[in-house]
Amino acid sequence: MTRLTADGINVRIDGAEIVAGASLAAAAGELVGLIGPNGAGKTTLLRAVAGLAPCDGTVLLDGRPAAALDRRAFARALAYLPQGHDVHWPLTARRLVALGRLPHLAPWQRPGPADAAAIDRAMARTDIAHLGGRNVQTLSGGERARVLLARALAVEAPLLLADEPIAALDPYHQLHVMALLRATADAGAAIVAVLHDLTLAARHCDRLVLMHEGRVLAEGDPAAVLDDGNLRAAYRLAALRGTHEGSSFVLPWRRLPEG
Amino acid sequence: MRFPRRRRLHLSILLLPAVLLVGTAGARAAVPARIVSTNLCTDQLAVALIGTERLASVSFLAADPTLSNVVDAVRDLPANHALVEEIARFDPDLVLAGAHRERRLNDRLRRLGYRVHALAAPNSLAELRRAVTDLAAVLGVPERGAALIAGMERDLAALAADAGAARPTALVYRPNGYTSGAGTLVDEVMRLAGFDNLAARSGVAGGGNLSLESLVVAAPDLIVFDNPGERGWSLAQRLQAHPVLDRLRPGTRFVALPGRLWVCAGPWIVEAAARLRAARNR
Amino acid sequence: MTAGAAEARIGAPTLAVGLVALLAGLAFLSLQVGQVAIPAAEVLRGLVAGADDRAALIVREIRLPRLLLAGLIGASLGLAGAALQGLLRNPLAEPGLIGVSASGGLGAVVALYFGFAAAFPLALPLSAMAGALIATLALYLLAARDASILTLILAGVAISSFAVAMTSLALNLSPTPYALSEMVLWLLGSVKDRSMADVALAAPFILLGWALLAGVGRGLDALSLGEEAARSLGVGLGRLRALIIGGTALSVGAGVAVSGSIGFVGLVVPHLLRPLVGHQPSRLLLPSALGGAALLIAADIAARLIPARGELMLGVLTAVIGAPFFLWLILQTRRRMR
């Protein structure tokens, strides 16, 4: 079941075209990797789909136009995990994860057992149950990233958009979070994640969408998208390829000159 | 040059009337002919004593009907703001000023060679008498001063004679809760009008501040507002309209006396006393 | 803003009950204190039994309005402070510091001293609220994009200075002779000698402001994650800003209209209570209101007890506590940001 269909997305910021005619789709159970060089428009595209940036084009959630949903229904249908790990107040991890339940609560409704259960599930999946009472601002980068991811998972939305969820994490936690996203997709969610690491993208994602200068350059199976031609065009790289234990890896090896 | 003896005698006879003439002229010059008054209180007393003929200028406040009793009289007189250059322009031979301006104005004028008579605000009838007497002497009309005082005392005595036995309590209540206690002219006038000044009774000496709570507890028979007609709105005056004062009725009565009767001491305090007496008898 | 265990040590109901008890005790004390000594039994009788003797009059017409105003205004300042700090994600935001109170004071002075309020009584609170609204909007425009401490303080200084300067100008131009001496009352605030009429004038607007501020807790919680995450959680940021700006202008403005500008309450109270509610913005709102009311009532009691010529201004007392606290807060925050 297609959870997300975005077509013909154009985003202009201050007169400059950041995203032009881009499309993005994700089905239930799919982990889609959104990749491309810096400035390609990945974050902007994600934000536009999440309703955070004004854009032209259509966005359908479960076949229905996103614009038809009220704010809270939209928030229940789509969970967004932004870049950055800003937490402004020294809240406990559990309270922070609990914020993910806000779209499910009516204005004066108190959180109930269903909400507590969802929070527990999210914290268990991200392996932070033991950090529940800790001040988030004192946690390590990896722990904090997992707390914020748990917050997004607590929404239990059918669609999750994650902007660079593994940036600034050490390799151990990068693997951990990617495995987590994979498991979450397998459990039924549709996930679109912006990634810079080509190997992790290739190993865990069902499909890749490669962006370059605001347009979608290539889309589809990771092996096909990450061919030499696309890597040269988008990243100006030549890469080293191989397989190990059944999965392929793609290592950026050499910069290529212009043209 | 040596004159023959007979001529010297003639000259002395000729000189004598001249000496006499100069002497009396000098005596007449001692009575000031161009007077500048810089203070509302001296304005009013001067006008009461000598009219406006010899006055070159009065203070600008003399034209304010809420403060001055001589508004009509001074209509055509130029006003001054007690500034040295202004005063100098009138070239006065006498300047009347308030004693409280001693440092800022009076001293400077004296050093410039002007004759300055300073009036201190009287705190009692005795001081008022003395002030009027002194001022009348300086203005060259001592008999006028005496007559003014006599008239005032006669009217006040008539009031006092009419007093009756009961002495209801009264309080003056001013903006910001100020009142007049023992040792003030207001206190004396209130007593003459047949009232017992509660402020004096509670130990206030001179001008003092009375809290609203104390006022309610004191609950005088009469509360006197002596500043109606003041322009504009202020928190200070709002205190006099506090709703709790309304709740003191009917036990407490209120009377509003025009400010001009209290701001300066003078013969018009008889009117103030008479109005207080009328409020008592109502 | 302390590191370490952030779990609230006190449950929300316990904290609320504790603050209410404190408030009740202070309210009782406030009615006892005054120029005239009235025994406690008589105070209660005057309050409850509707007696009409002198003591009852004093309690109901002089001390009660004072208590009610201090409570209403203190609560407004605490609540608005907590809301503004949540919105701007900045612990230094509060109505006094950022010039909202001073601007409300300007509005009040213009209405009172130039005859508008005499012609039309509602002109007073409306004018004060308009002044407060303009300042809150200006501050939001100046400081929202760049929520750094420096920008906020500078914006607050600019707005505050302008409002104070205009207030002195207005008083200078006004007809009454008492205007200049009253400037102190407007700049430092007082609830002395206020009447139930003043309470009746301000209370409806204050309560309306509270109603607007009451519902912003969720949105402020979501804002802890940043504006984008908050929006993705379904929080309408425009509506949130409007509620906070409007609620602040209403409650703080109406309070300033009758009592003058009182500062620092909105800074001190939320800061002290924040650790007790686990730093969660939504759980800080009610305690800040209760704490603000308690603080201002306590300050009003102290103003009457401390021997001085006349009575101490309320704003002086809150400044004596608040200004050093503010300096300490700046130093602490700077250290953390380095």
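So that you can tell them apart, the chains are marked A, B and C in the order they are listed, and the count of residues begins at 1 in each.
Assume a contact is a pair of C-beta atoms (placed from the backbone, for glycine too) under 8 Å apart; a residue touches a chain by one contact, two chains touch by 3 or more.
Since the structure is predicted, the reported quantities are computational estimates derived from the model, not experimental observations.
S.K.: If I average the CA coordinates per chain, which chain comes out farthest from subunit C?
M.R.: The most distant chain relative to subunit C turns out to be B.
S.K.: Indicate, using Cα centroids, the chain positioned nearest the centre of all protein chains shown.
M.R.: That would be C.
S.K.: Measuring centre to centre with CA averages, how many angstrom lie between subunit B and subunit C?
M.R.: Each chain's C-alpha centroid was found; their separation is 48 Å.
S.K.: Between subunit A and subunit B, tell me the centre distance in angstrom, where each centre is the average of that chain's C-alpha atoms.
M.R.: Centre-to-centre distance between subunit A and subunit B: 89 Å.
S.K.: State, to the nearest whole Å, the distance from the C-alpha centre of subunit A to the C-alpha centre of subunit C.
M.R.: So the centroids are 43 Å from each other.
S.K.: Along subunit A, where are the residues that touch subunit C in the complex?
M.R.: Residue positions touching the partner: 47, 50-52, 71-72, 74-76, 78-82, 84, 86-92, 95-96, 99-100, 102-103, 105, 107, 133-138, 148, 151, 155.
S.K.: Show me the residue ranges of subunit C that touch subunit B in the complex, using the header's touch definition.
M.R.: Where subunit C meets subunit B, its residues are 34-36, 52, 54, 57-58, 61-62, 112-113, 115, 117-118, 174-179, 181-182, 185, 193, 195-197, 310.
S.K.: Flag every residue of subunit C that touches subunit A in the complex, lowest number first.
M.R.: 1-7, 89, 215, 218, 221-226, 228-229, 231-236, 278-281
S.K.: Which bits of subunit B are touching subunit C when the two form their complex?
M.R.: Touch list, subunit B to subunit C: 175-177, 209, 211-214, 216-217, 219, 230-237, 239, 242-244, 247-248.
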